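Next up, some structures in structure tokens.
Two complexes come next, and they have one chain in common, chain A, joined by chain B in the first and chain C in the second.
Entry: the complex of A and B
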């Protein structure tokens, strides 16, 4: 009887443990998938929004040749001198007193209709509820939706411009890639150099001292790096480079490089040290020098670990927010040199999400930026996966 | 000829080898036997200076190969290791093809002529009695070979750079009996061209393959004599006890 009971108990426990593991695995996966789904759902909403601000319409004289206006054209009309006359609600308040507009602005649409009728060059930007109806002289411009092309190919990011915000993602995307690219170009030689030193050249004592120190660097909050960059690096760059502003892409790249270094060094060093001692000994016993052993045996054997390190470094650089926000100057312009301010995708999201009304086009555009960031990191890690899959160890002979 | 004179060796504070002197003639097989931790592997690794890789070691005494002190300041360790090859306890082929494993020593030695490399690789594989088994899989990963084949590949790899001396650190301890006997047969053949020094746990193996045997215990060379003599009529009591299996 008793052993049977015991066996039953054990089996019950095993089933319980299995269920627990399955459950936690499932929950984690589902939560992650839901987050991604949420990201894309919110982001996709952008392409269902109108280009003109929500709740507003553009009206012109019926005889006006204007058919459709792109956000850039609208911006041109309202911000610069053109043959067209921009007209906002404020202009109406300037011309009419409150009594003339009636209680609850009941007479407003009528007055607006008069203004439009008087001036065929007028382009009026008014709340849709006040658009004069039934007047043959007034035509409402059809609102078009924000297009993929305008979003991904747009070179201007002005999310708060009225009447029509500009959501051109190119400057942000290129800004991110620009800053990250140079960060990695700076971090890679330094990181691999430090890795080779630590794993192959440094004495045991030195290594025991340096490794924890470097690992500690990885744990410093990014805002501290940003602060350091802002207080030390930015003024230094401004002074030595004779720049109008020190907050530049270069400052961002340098800070990111410093931040990515501990990750790269730690992971790559582990990979190199994990090269079996037997392989090193085999190489050295055949008369290979230390360097020949490093580049002919240790490097190839740890290539997957090293590429993982590089990718983690890139990932860190691409996704890093705070430090970059603090030192790059945040000008959403197409990057053309390292010595000008740029703005990255994460910095944009962090800086603007607080002021974007939930559900609005701006808000959705920021989510879309998040989607882009997600896709970039997904691409990077997939690439890493493929590279490490081709590693020395798995491949049949070289 | 290999000659060790008054060798003392320390790992930190641990006195691993105590005043050992020994001479090994060219074209002979010398076996080192003894219980685990007796210092026989440490002693073997002195001759290609593999012990240099370990931190905090200290060596006193003289170690000569063909009359030259191999621990002299002017000695190029990489060159020394090209003359004194080594085969390790566990087969440790590189994660490369069979061909590249054997060619490795040639390539790091600066040989670039493809035809010469091919000839030397074939010769080395033939010398290690492996050519017939692998000639059709030279491009395959060395990991696809069996354990015994891998070990012979490691021997071929060592032979490819034509060393004068071959050190073998328990070369058959990780192998099955059939592979072991192949390695032992190989040792008999290699003796003609190389000076062999072999560490082994297996006393029968020592008896089968070696001309001379050194018995180590607790860092001391207890007895060193002709293998036949040692196995039939050991001088020391410890040797007798070890050989008859009373301890070890």
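Entry: the complex of A and C
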């Protein structure tokens, strides 16, 4: 073959490979952006949904002083906690047979009107198409949209309550942060201790044995951690602490700490070992002891890598789903102590998305939770990026 | 030769098109209909029945959209779902294929033996918080519920709580197995599970629906003779027009052989 032709062929191949890499890069970026767009589009739909279930209305007697009801008030009424009498369509079916309601339920609105007229304290929850029209005694309560404030400031998460679901995201958000915070507080000293031992103190043989073992921990499926937590950790905590219930935030934090450890140790250890040998030797040559070298020289030199390891560990804890779902008890309450059950955002999405009707308010609320989680992890990884970019050497001008 | 292959292919396609049926819906009913379909296909080699889960609501909406032939459901079809079918000028047929009883379970060392429906309602809505209020020892009550996606959660709310909401922040477990596990290791716990999941690690309570008149223990026999109150039917739904296609399989499920499978999978035969 002529050298010219060969060069040409090589060039063609290079161009082709470049195009392929560019294409795969672009496609990946576009797909990720589209997924994020989809997430926010579905989530934003929540604030266009009505507070009362789709296709239904609340009716009261015209003389009733009730003007407007908040979801919390509606829930109280339908839990029989007020003087008002809740009325559902099922109550009508208990009183009348299908025949009495006529073909295609033509007589249903009339009967409903009678019921409302009879009892001025009634609050009826009925499909909008069967609301009795033209009756002077019946008034339909105006529906309002789900508000930002009620979503982000609400303290009750009851997504399947009828007639009006309660979407208060606060207990879930705080639950997630609460569990992750304590997970990282537990993992931090342990992880840093293990890192210092592995990179500075352990012999080569020990290190060769321990490092893969720790990395292996990262490969265990999270559902196995969850099962271990439920069967071993939860009863253990309950017995030793004399707790009424073992599924607590503490159990979740401990499991998450174990799960975050391999990430922290691996990344931090790499950072410490990458400290230039010259630095270490210079320190020792100046007469510093091994310990002084570690905490005066090696540690500051690798502080950005260590911080990145911690932030990555937090990210792992915040997004973890399965293990937390199994051990924290999933009670949507505002976290007040470590020994109470909590519910986290990932666990909520995993547990509820299966049966939430597509396009409904519940479905959109779960997507909104996904958006919140996305923003938290975005914040965390940006922080990791900034921290690891800030190098010790740049600062000291070495 | 080519023509022959082509013709047999068309023939095979026609036969499967006639015989293939899709069943979709409730995860509670899933193990039962899977087994039914397996045995049915063994005895009727020309038929294909595909069974998938996803939840009762998913199954019924698939039936409305026409993407499944039979919807399996652990709850009765809702009023607005029926309306949607009616809007498409169709009617839906309902077949009860089996029953499922829910047992209320506590820790084996809990001295309480029986509760009324009203007491259960109080416990799960958060009005009753200590076992001594219902005749037990001085111990906090820890009620365990299922996740909101479960049909069991809905049925318990409807039957026992009379549509009132569960207490705010009730512990909710992702699976029935997790409830058994948690109740067996928590002294003050109470939970509800399908009869098939009942084992020695938890204690089933006797329940009364007449304000304390008679208490009945959950068992297959009591559920069958109607004395145990927390029993729900399991349904198959199909569009009346497709009766001819789906009837052979449903008839098999209702036959003695089919009902034997119901018994084997831990549900209550008709």
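We take it that the second predicted complex is superposed on the first by the 388 of 398 C-alpha atoms of A that agree within 3 Å, B and C clash if a C-alpha of one lies under 4 Å from a C-alpha of the other, contacts with A are read in each partner's own complex, and residues count from 1 in each chain.
One rule holds for everything that comes next: a residue touches a chain if its C-beta (ideal position, glycine included) is under 8 Å from a C-beta of that chain, and two chains touch if they have at least 3 such contacts.
Predicted, not measured: the structure shown is a model, and the values here were computed from it.
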Quiz item: Touching A:82, do we find chain B (first), chain C (second), both, or neither?
Solution: neither
Quiz item: First (chain B), second (chain C), both or neither: which does A:336 touch?
Solution: neither
Practice problem: For A:274, decide between first (touching chain B), second (touching chain C), both and neither. | Solution: neither
Quiz item: In the superposed arrangement, which partner chain does A:246 touch: chain B (first), chain C (second), both, or neither?
Solution: second
Quiz item: Counting only touches as set out at the top, which of chain B and chain C does A:203 meet: first, second, both, neither?
Solution: first
Quiz item: Touch check for A:128: first (chain B), second (chain C), both, or neither?
Solution: neither
Practice problem: Return first, second, both or neither, reflecting whether A:24 touches chain B, chain C, both chains, or no partner chain. | Solution: neither
Quiz item: More residues of chain A in touch with chain C or with chain B?
Solution: C
Quiz item: A:382 contacts which: chain B (first), chain C (second), both, neither?
Solution: neither
Quiz prompt | Contact residues common to both interfaces of chain A (with chain B and with chain C) | solution = none
Quiz item: Considering the complex alone, what residue numbers of chain A touch chain C?
Solution: 55, 75, 78-80, 88-90, 104, 127, 129, 156, 158-162, 171, 230-231, 234-235, 238, 244-247, 325-326, 329-333, 341, 343, 350-357
Quiz item: How about chain B: which of its residues touch chain A in the complex?
Solution: 48, 50, 53, 55, 78-79, 81-82, 85-86, 88, 90, 92-98, 100, 104-105, 107-109, 139-142, 144, 154, 157-158, 161
Quiz item: Which residues of chain C touch chain A in the complex?
Solution: 54-55, 57-58, 61, 79-80, 83, 86, 125, 139-140, 142, 147-150, 154, 163-165, 168-174, 178, 181-182, 185-189
Quiz item: Where on chain A is chain B touching in the complex?
Solution: 203-204, 276, 278-289, 292, 296-297, 300-301, 392-393, 395-398
